[in-house]
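Next come the structures, one after another.
Consider the two complexes below, in which chain A is the common component and chain B and chain C are the respective partners.
What follows is the complex of A and B.
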């Protein structure tokens, strides 16, 4: 309770974190509560009258194939967030592993990891993902989608975590622990890791945000799970069936509004966590 | 420039291209062990129709190089050899068009759009970022941070859809899709140039709007720390004009990392543009990629992916060579 109060107190000083967390919480709640209120079956094609403008019966209208868009949002938002968290989690996990090994051990292994990361960062990852996703297109599922995206989401975390580890490694308390006879693993786990927690949280949010961006990009090109009503697939269907020109504004504007909320929320949380991790920036931002 | 460095950097470039090509070759053949190009060719051959002759020729040419009777490494070297000669093969969906030719037709469109929108957003965003962080700029400018942040968080193509609706469909200021109106003859004259310009305004605007936020935030971060430096205080104490301090002392020093970021983020800019092109049905490489995905034209998909990686690799390498000219502190000499 005491902790919660001091956290809320901190949020007043760091409004970005507060507002961002609030936006994400609202989106997640929307999915959880919405699930209880609507029938998820309505997110499937041919479940209701197609091409209806928003009305009391269909708050967000319906699309060409007869999906109720409110239900699509309720079902699709959590799916998209799940892909993001899965891919971002795997990416951050790899990033932590490689970043700590590279930064703490140094030497040849560091040269190899750093070289690989710097090289891969200049490669347009979305384009590589397109080539991978187009070959597994028929059998792609939510989880496979997350894995495909995760395969290229570890470089940025690796790079930044390595840089942090490099500065922490020279701190007096780490030297002290070394003199006391702790082995490398213990030092990483007990000394470095806890001190990097806020920083890792910021990296995680960044990775999730990147993963969602990449996922939506792939899906908007038609490379997502065809039978799942995710946010990106909804945009793909809207583009493919020219919702815009046919005046079906609700079909594309509603998913965009939700995605803008999601991206701005994630961005604010990342910026807020950055501030928490580097108090020196506090004045700056 | 140091020749040893140039050589090393070029070797790295070749390595990246080779790795990308290998991923392109091996990923489809891994796992399921199936070869999508072969499957698609099989379908084409079985469905027959008017263009049967061409299909058979394609199948024959493909078998000669990538036939199952050949061991994998022979297929692989055939593939690398083709790429070395920039031979991307026939399009599966539009025989007898060659993939290289299709990309060649689309490339000028993409390059034009990319160049203009990146230059505009980079210069405008950098200036906006610098002004936002400058303590003596007017209050309304400092308040720009919030819109800049919001814009930087929204993907290009989503912004594009909104612009398309408001400026194109509702206000009818700009055409809705394509690179030029159907019926006009492409040619080197003023009318056609204006037509193209008119059509590319909306796609360019959606890239610019979203990217301005990114460049603005980056510049702002650098400016904030530069403004705190002692030499700025000294310049102020010396009574230099505000303008001089701003441009010569602050912006000039804060600008370099911004240029480095341009090289690093180029890949993302291009990826974003692919989707913008799809939204506007702009006749560039992105739309070509989209159409190829929709018609399962695997040779075209592979070709476009390879060309994009190749060109970005080239540009990144050129930028690495340019840094020492811009910043004397970087010399590429160890």
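What follows is the complex of A and C.
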């Protein structure tokens, strides 16, 4: 309770974090509460009258194939957020593991990890993603999609975390921990890790943003899960059936509006966490 | 005198650099007795910190222990395997760091930090033991719940001392533990350290260059120059009748209330370890240098009871 109070108090000092978290929470709640209010079946093709402009019956209108777009948003938003969190989480997890090992242990392991990361970073990720996604296209699921995206989102976290660990491990208190007979694993886990938590939180949000962006990019090209009404797939269908020139503005503008909300929310959280991690950037009051 | 606790024999620590080998610690022989307070003095780069890091096996590449022994209670500290080294640190040989300001993890509460290292050595402390430790160094038990940024510099140094004594080590290495503190706090900290050392009957090896502090705290002093031990004696002997010319100049350079006049330093600059002069390392700066000081290396030998110095002037006298 005490912690919650001080956290809420902190949010007043750091409005970016508060507003960002609020926006993400609203979007998640939209999916959770929305599921109770609408029939998820309406997100499937041929479930209702196609090509309806927004009305009281269909608040966001319906698409060419007869999906209710409000339902599509209710079902698709959590799917897209889930892919983002899964892919961001897996990518960051790998990044943490490799970054800490590489930065703390150094030596040959460091050379190998750093070399691999630097090499892979030069490979244009979208090309790789497209080739992987188009190979496994037939049976791609939400989880597989997340893994495909995660497979290319671990390099930046590895690199930045390694850099942070390199400066941390030379701090006097880490040296003292060593002089006091702590082993490497304990030092990484109990001395370094807690110091990096705010930074890792900010990295996580960044990784999630990147993963969602990559996912939507793939989906907009038609390489996503065909049977799931994710945000990117909705945009793909809108492009495929020329929603723009046919004047069906609700079909493309509504998913875009939701994505803008999501990205602004994630950006604000990342900026807010950055302020938390780097107190020097805080504005003088 | 009490029994020897640590016998350092012919300790050498070398640093391999692109421009050659630097002998940071060279042929050091030193015996520390149990329960004594020994001060190690020398200018920057004379190898005093390297010496204690060698005892803790914390010499990092490109440095390495090139030879020698450090026998403590029957084991050679320099021959332990990594796991034994880990167990020895803190439990048998503890270190009080130089910059207490940065030596505590900023995100861990004091109590957690103390408990963390003790748990690592298989001796998890209870609430009572933590309170006892903090009280032993003159802090309130409530400090256990504080974060380092809530403490003053002196309090942080006390926490570091509490950590160092937490497992009742036989040997405590203190690397200029008070250099970042003001003189009043310095005195209090040194008194705390002294009473703890007496209580534990531990040996303290204090490294520093504050001669005043050394005179008050230590019983015996060792003077290092260029990686070599040049003189060892009791505090009384070193201050009243220094035998090595370097020590003599060092003592003469201490400002005093009685003597008025221009402040005198030691002429010349410290030697380069990469390119040391031949013979006696100190001869280029020595006012009493003989011609053969440039070619002949002096050995540490007894010049008075319990006092050793390495200078050809004494070898002359004895011959």
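Assume the second predicted complex is superposed on the first by the 282 of 285 C-alpha atoms of A that agree within 3 Å, B and C clash if a C-alpha of one lies under 4 Å from a C-alpha of the other, contacts with A are read in each partner's own complex, and residues count from 1 in each chain.
Rule of thumb we're sticking to: a residue touches a chain if its C-beta (ideal position, glycine included) is under 8 Å from a C-beta of that chain, and two chains touch if they have at least 3 such contacts.
Computed from a predicted structure; not experimentally measured.
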Combined model on chain A: chain C and chain B, fit or clash: fit
Which of chain B and chain C A:163 touches, first, second, both or neither: neither
First, second, both or neither for A:173, with chain B first and chain C second: second
Touching partner for A:32 - first (chain B), second (chain C), both, neither: neither
Chain B versus chain C as contact partner of A:190, first or second or both or neither: second
Which of chain B and chain C A:144 touches, first, second, both or neither: neither
Which of chain B and chain C A:182 touches, first, second, both or neither: second
Of chain C and chain B, partner touching more chain A residues: B
Touched partner set for A:109, first chain B, second chain C, both or neither: neither
Chain A as apex of chain B and chain C, Cα-centre angle in degrees (nearest 10): 100
Distance of closest approach, chain C and chain B, by C-alpha atoms in Å: 13
Residues of chain A that lie at the interface with chain B and also at the interface with chain C: none
Residue ranges of chain C touching chain A (in the complex, touch as defined): 56, 58, 85-91, 94-95, 97, 99, 102-108, 116-117, 120-121, 160, 163
Touch list for chain A against partner chain C, complex: 171-173, 175-183, 186, 190-191, 194-195, 197
Touch list for chain A against partner chain B, complex: 119, 121-128, 130-132, 134-136, 213, 216-217, 220-223, 235, 239, 244-245, 247, 249, 252-253, 256, 259-260, 263-264, 266-268, 271, 284
Touching residues (chain side chain B, partner chain A) in the complex: 12, 15-16, 20, 23-24, 27-28, 31, 36, 149-150, 152-155, 157-158, 161-162, 164-165, 169, 176, 221, 224-225, 263-264, 266-268, 270-271, 274-275, 278-279, 289-290, 293-294, 298, 301-302, 305, 308-309, 312-313, 316
